[in-house]
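What follows is chain A paired twice: with chain B in the first complex and chain C in the second.
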Partner chain A sequence: MSQALDEIKIGGLGASRKRVEDNRFIRGKGNYVDDIVLPGMLHMEILRSPLAHARIVSIDASKAWEIPGVHLVMTGEMMATRNLAWMPTLSYDTQAVLATDKVRFQGQEVACVIADDPYIAKDACEAIDVTYEALPVIVSPAQALAPGATVIRDDKENQNDNVIFHWEVGDAEGTSRAFAEADMVSRLQLHYPRSHPSPIECCGSIADFNRATEKLTVYMTTQAPHIIRAAVALVAELPEQMIRIISPDIGGGFGNKVPVYPGYVCSILASILLERPVKWIEDKTGNLISTGFARDVYLDGEMALRRDGKILAIRMHTDSDHGAFFSDAQPSKFKIGLMHSAFACYDIPYAHMISRGTYTNKAPGGVAYRCSFRVTEAMFFQERMVQAAAVDLGMDQAEFRRMNFVRDDDFPHRTPFGFLTDSGQYGACLDVGLKAVGYDNFLQQQEEARSRGRLLGIGISTMTEPLGAGNSREYDILGIKMFDSAEIRVHMTGKAMVRTGARGQGQGHETTWAQIVSHELGLPADDITVEEGDTDTAPFGMGTYASRSTPVAGAAIAMAARKIRAKARRLAAHLLEVSEEDVEWELGRFYVRSAPDRGVTIQECAMAAYSNMPDGMEPGLQNQSFYDPPNLTWPFACYIVTVEVDPETGVWDVTNMVAVDDCGVRINPMIVEGQIMGGLTEAYAMANMQFITFDAEGNCVGSNYMDYLLPTAWETPGFELHSEIMTECPHHPIGAKGIGECAAVGGPAAFVNAVMDAISYTGVRNVDMPMLPDRVWEAMKYRRDVSGAPPVLTDE
Partner chain B sequence: MTIVYDDEPDADEIPVRRIRFTINGAKKVAEVEPRLLLAHLIRQGLKLTGTHTGCDTTNCGACTVLVDGKPVKSCTMLAVQVDGHEITTVEGLATASELHPLQEGFKEEHGLQCGFCTPGMMLAAKALLDHNPDPTEEDVRWALSGNLCRCTGYQNIVKSVLWAAEKLRS
Partner chain C sequence: MYPSRFRYEAPRSLDEAITLLREGGDDAKVLAGGQSLVPLMKLRFASPELIVDINNLPGLDYHREDPDGTLHVGALCRHVDLERSELLKSKQPTMAAAAPLIADPIVRNRGTLVGSLCHADPQGDWASVALALGGSIVAHGPGGRRTIKVADFVTGPFQNVLEPDEIAVEAIIPAARGARAGGYLKLERRVGDFATVGVAVAIETSGDTVTRAGIALTGVGGSTIGATAAAEALVGEPLTEQKIELAAQLAADVSRPRTDHRGSAEYKRHIVHTFVVRLLSRADGFAERAA
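Coming up: the complex of A and B.
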């Protein structure tokens, strides 16, 4: 008789286990960077540029030096003497650490002060006198590309314009042919506005250089500590083994904490110079105006259609605004991230995309904000184009999607831009969503309401997105392949410890990683601790972003656990005095095939590994795995939103929001749902209020939470989540797919499509996000598209 | 906060004020610069790092504490203003042996992810429950509308508070 453990009871796969990290957070005992105090620690503040584009004429820091408590004032000139005025970005460009020649965006780092306390450091920053000579400012790709535009990156040899890249993908010829044969072409132009991930905790670091040991320890808010260690080794020219990066608890990341920022570099140099720990904690304005933004892409999209609704081809042209330095955090092969994952869930024979990247006088970034490298833009463009085409065809938007979906029996499927999707039940997910929202019923209500002057709308967004980069053949960052790693130690008493190369920022790794081990080894999850974020102890990994932790690090954990189980099986055979082939496994226990009652638990095997191993066997029970995924994982999502728009004011309210997510096996359903709700809220935020824009002089509008609006509990609608459809990932060891960002990726289009549907009577094709009341009102009143592009200064 | 300066001629000019207050039940005296923010007195001076600062501009609520039972954003109050008053921070919620129902509720209902907003959320919620033991979902959403969370989407935070309200009533 089976004596296998009840997996849910031990906190294994599928258990909505309560989170272990909560125990410290609910007591206020988390350990974030700003909570750490080291003996002799000094404080650093950064002086930022008030202008978006200006030549630096002079910097006079003499008054700052005079303030009691000031230890050091650093400027670009001083950094230059150590070859640290510039640093490499994650996209093979360079970025100024402290400006030397000119400032290229508002908020750029110009100088910094290290003092006894942050108040003094701030006073001293204000005492620094910088003289600027203003230059013409560029705030959009259109301006950047205009003939005669000022060259922003005149520091770079051979850079005579503001173009960063010109990148093409797809089949230009096949696409042209398909367009020539099409019955009709649907066209849509829009802008995905600049946004900021804006975790509540800003960035910060404490650099601690010890002259005696020559060791540099840096506590910092990073989602990818190992990449940072490599970067510090290269930039600061320190031996890698002498660098220890510790990423303690992180107060949210969402992609914002992937890049290397000047503040980190300055705190490191200051600590080396002063031989004391130096803490830098950014303020919110610094975070919003200078660190990794996201999106800011203009689309000109065309869809070739057959009259019956079949999509024949897609043509996309994107212009992206990268700010003053090209520092997108993305796989090096792809210039505009995975934008070409667009239309992956539809069966479309041809597609072609041309992408142009430009420099502007805005902050650098291009981070994957709750997103896998521009997948958010890709899916938004896709779903907006799909809805526009359905309107052009006069077809029902749900039916139009369904008839173009890749069918369940058509996997693996090559997407029009060349990705390979491997699994999904798209139609079934759509059915669940339509039923949940009461689709037919809603359409009826909508008509009735319209006759009474009320504007109801329904928006759908369906998409599959690539999550969990690598494989390593195609995906690398700065040449480092995108695998991940895990190490598991099973102690003598059957308790265990897991370490991975990932670094969670609220995703609940400490809880779910234990569940994977529990599933593989039958150890109760409560007997397993998880540790991440310290490069001296964790195995090398690429970190946590782009929903890659479960697909890659999670897989590494399963593989390491399987190696351990294989050894435990040998130990079991030894203990049971049978040959290994006669030993069977059930959760938590090995037994003799012919005599199932004779068995040993995994804990007994663990004890034996240290106290009673067979002759010739290496002692101990631990192993590690470096996992290189064979493919990305492809979760599918269907989001449906209904809204009511006030015809007088343009204000819109969400009346219903249904989310159907098929992310394969759910390790911890409670945590998965938490991720989805978080993502949906950000989707709502982007559609409704959240954006960073600039005036014509390059002043950032959105430099604090009074201008950069984030929804609170009051505005945020409720969500109805569905998990009925589950398609296992065929290549992931436990069948899981990524999920952390799906809702933020697929969600925005559902909200926007709903509002556009509500005002479809106007014939307006597009209102750019965020759909602020005044924009919606303008669309209704003047029956014209409303652009969200920043204004351009004219001579009048 | 004690700061030791190099003895320079203008070192005497740094003004200091003496204040008395109660924090989580303990009586304290402190000497502070008049411009010192309450959040910094709590975090650096008293080493109670459960109170977080997210924005410094009264918007995010991560720094919310209770002053005489009222929720206050400690990044926008001066330390000298709590002279003679009573402060409660997240560290004062639990007793040695028992969690506060709000703390339990947040764990039970998965009301937190990164945990950065959580102390502020719990204190804003405590102020609500202290005078309204049986709030509606709408009451909770309104009471928390001065606190931002980037991770959870609020739905579970609201559930957490309702969970705590129910436990406190029974």
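Coming up: the complex of A and C.
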């Protein structure tokens, strides 16, 4: 009698298998773009604008051309002759590749130099003489919208102001009615400060155009190689089969490596002109001041409430700062991304949102950073408003949430903004969190502590968020539908290879994709390799961001594996000499229903596919699947933080942090926990220390790691993770939901709510992030809200 | 990192180093730990034509105490050596408190105390500590050695009195004339950040009476600030609550902070006050956590 396989032992679903990619990463054997050296390769450096807004009077590059070792100096004027001075953005705007008329933010690309080595290229950049005529600088939506404000995008016809869009969603009339009938209205104004994904590896590319073969190969730091191939084909009008995008190992992305950047375009053009490989590696400052940032949204939020705590309606007005070009890298039809996923976990009859986007003299690209297109702002605004409303009502913040949650038996649930949530057990997750943190006990301690002058606080954040774009009906990038695909080859010895159109940047795809195949086919995960990132070999896919890989590419893998299992069943019937209907499947093995001892393993079926297939059957054992998800997946999270605030300094310490995540089936629980811990660390950073701001001249404060702070192990608090509650995703083949960004999305509000709770005796409604000690102190001392980005250097 | 082109020399003797510096003049820079110079070169804020790397100079990596209690710290003594020093833990409370708060562990492995004093960054922690303790710098030049009080050594932000052909070879902390007490508190947004505010306090007592006091402030002015009046207010009398409050007030008064992204001027002045009180009264556990 054969023993059924133990799925955990073979590394299937639920196995906390060690990450196979770490073997090479830990040994320093990863292969990143900057590790790649091609024969005859040249190096490119970019000259960036020191000013935030200025007319370019002249560019004199003659001294740069004279430096030995310089091969090419490119300027906007030269790009314009090839119709490449501007490029389209993913949000249907245009963005300057190299500036022609004006520079519109500090750090904007003005010229670039291609030379024998990067030192020479940098020297030559310094030798380029640019004369600027300074223009008035705009660094906030308020300035951008002020009457008579300088028009930043005077390059665009019919653009007479700095408004990018004015967009509405929801039921304005119903919402107004609900507000009129409300017992009470709770209002809160918030700012989610500008931050940056800040991957440790900055952006870069090596373009290699071969005149003999006419083939363009580009090694680049991209989370979405196929989208880049499509963009190059469409923009540069090169034939698609002659473009090969290779995304090798990536040192972190967090959304920063989705957009197309001028550096990529310049390196490609330079390689075509010089017919030599051209490498561009961005430095940290270049990355922080010019590439896809995140957030920078102001909210005016209102909640209509019944006295018993029932939320009747929500009104949100957002003003978002997109920088100089509207280049949000997001695939939805909604101008402000998925901001209107706010309040999806609460049962609210009416909601209405007005969103206004503005140009400013700041870097473009406002959507990235571990976030499905502004759900981070949405959930932060939601949970800050929920806490403020609980305070206004004089209700317990946990009970207020619970009474407004969507009930477990009310799925699928249509939100007032139009999303369809799929499943969840919200109350149960909250219970786990409250128990873990010792909620009732804490409230007692808090009161006792206050009587002794100590300030303890507790903050809760509960949310569900939409992860896994598409479906293809509602989501596309420049018309390309948001599906994904996978291809599986089972070799004759029963080993296998998986390829997808996703591109991991540290998520552990090489580990978890094998586990999905292992679950579906019963092959040990160690027998399966995973390959991604090369458009010549990987099947088409939309890339990895927005926690979409498991929901979409992961589903495609399961579906492709099921097609393979169906063929293996026919092979098994052939080998067992019974009809297909008489064959049963258990993990890794087909057997005869009436005689369970008679069976063949999946490996035996694989060998038969190459050596002993029945007459008329195509040889081989491989298949592919294109998966168009029916809906987004909706994980739920409950984060609870306790803090103690020093009344004298405003310094706050996290004394406890509990995270309850229900992300459906966990493929590799260890990797899921790593994702949650990473996200919570980033949430803590946002709440505590992290921001990019600009002075009145548009100088970026946060252009290096001394100013833009990443938390270290020293100050990051410990986290207690809980996985007791598991609600399978009803429409995903293996029941999984996205998880990559939940903690970074839901976490910040928990920290802020906790600090606000600790200083609630002051009556202060809000301190905007980052909650630096001086801001908390100011709120306590003057009993006033502290709003907006922290001040920058001022002369007294 | 793509700095401008520079010439690199790694002499094996002090005389050779001095000769090289004389050749290089104003365009030469001494490299010890490199934790300030190298980032400046990376950003091309500094583009020296000649780097004189003194790491091969023998016998400069010490820190030791004379029989009379005078402490000598050599130019190649790393922060990490001071952080782990039993000598500091037992004899130098202010230095022992500051050592683990210098930047982050990576910087501490390479950076040096003497280099930090020479760099004269108003946000440098050692400068306040050395000032509070009444320390000096020993400069070695073609004409021999001279000793310069830390109070006279720094002339402004990132400026000191060294001649182009002089090397700071040692820092000296004078011996205590009584029982030594004190500490260093630093408010920083994150490990490795520059101080939002740093306060160094060093007092010597005989019986109940304060015989000598030094208070110095980091990050709240154009250069390190010696709170002389605050310190003098403590001398000759026991440490009482009233005295502590007076010293804290005088220290806050002499601070010249600016509002920036680390905090408002008002807040920083308040923190100076708070930290002086905490250091002098050995306040509750929050003092440790705030730092």
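Keep this in mind: the second predicted complex is superposed on the first by the 784 of 796 C-alpha atoms of A that agree within 3 Å, B and C clash if a C-alpha of one lies under 4 Å from a C-alpha of the other, contacts with A are read in each partner's own complex, and residues count from 1 in each chain.
Assume a residue touches a chain if its C-beta (ideal position, glycine included) is under 8 Å from a C-beta of that chain, and two chains touch if they have at least 3 such contacts.
Everything numeric here is computed off the predicted structure, so don't read it as measured data.
Using the contact criterion defined above for the overlaid structures, shared-chain residue A:D774 touches chain C, although it does not reach chain B.
In the superposition on chain A, A:G674 makes contact with chain B only, not with chain C.
Looking at the shared chain after the overlay, A:F254 reaches chain B, while chain C stays out of its contact range. Using the contact criterion defined above for the overlaid structures, shared-chain residue A:V701 touches chain C, although it does not reach chain B.
In the superposition on chain A, A:V651 makes contact with chain C only, while chain B stays out of contact range.
Once chain A of one complex is fitted onto chain A of the other, the partner contacts of A:F442 are absent, as it touches neither chain B nor chain C.
With both structures placed on the common chain, the touch criterion links A:Y119 to chain B and to chain C.
Of the two partner chains, neither chain B nor chain C is touched by A:F381. Look at A:W714: by the touch rule set out above, it reaches both chain B and chain C. The contact surfaces that chain B and chain C form on chain A in the two complexes overlap at residues 119, 283, 704, 706, 710, 712, 714.
Residue ranges on chain A touching chain B, taken from their complex, read 18-19, 21-30, 32, 34-35, 37, 68-69, 116-117, 119, 198-202, 249-254, 283-284, 505-508, 670-671, 673-674, 677-682, 704-706, 710, 712-714, 716, 718-719.
Within the complex, the chain C residues that touch chain A are 2, 4-5, 43-44, 104, 187, 189-194, 196, 258-265, 267-268, 270-271, 274, 286, 289-290.
Across the complex, chain C is touched by residues 45, 118-119, 122-123, 126, 283, 285, 646, 648-651, 653, 688-689, 693, 701, 704, 706-707, 709-712, 714-715, 772-774, 777-778, 790-796 of chain A.
For chain B in complex with chain A, the touching residues are 1, 3-6, 8, 10-11, 33, 35-36, 43-44, 47-57, 59-60, 62, 89-91, 93-94, 99, 103-104, 106-108, 110, 112-119, 122, 140-142, 144-158.
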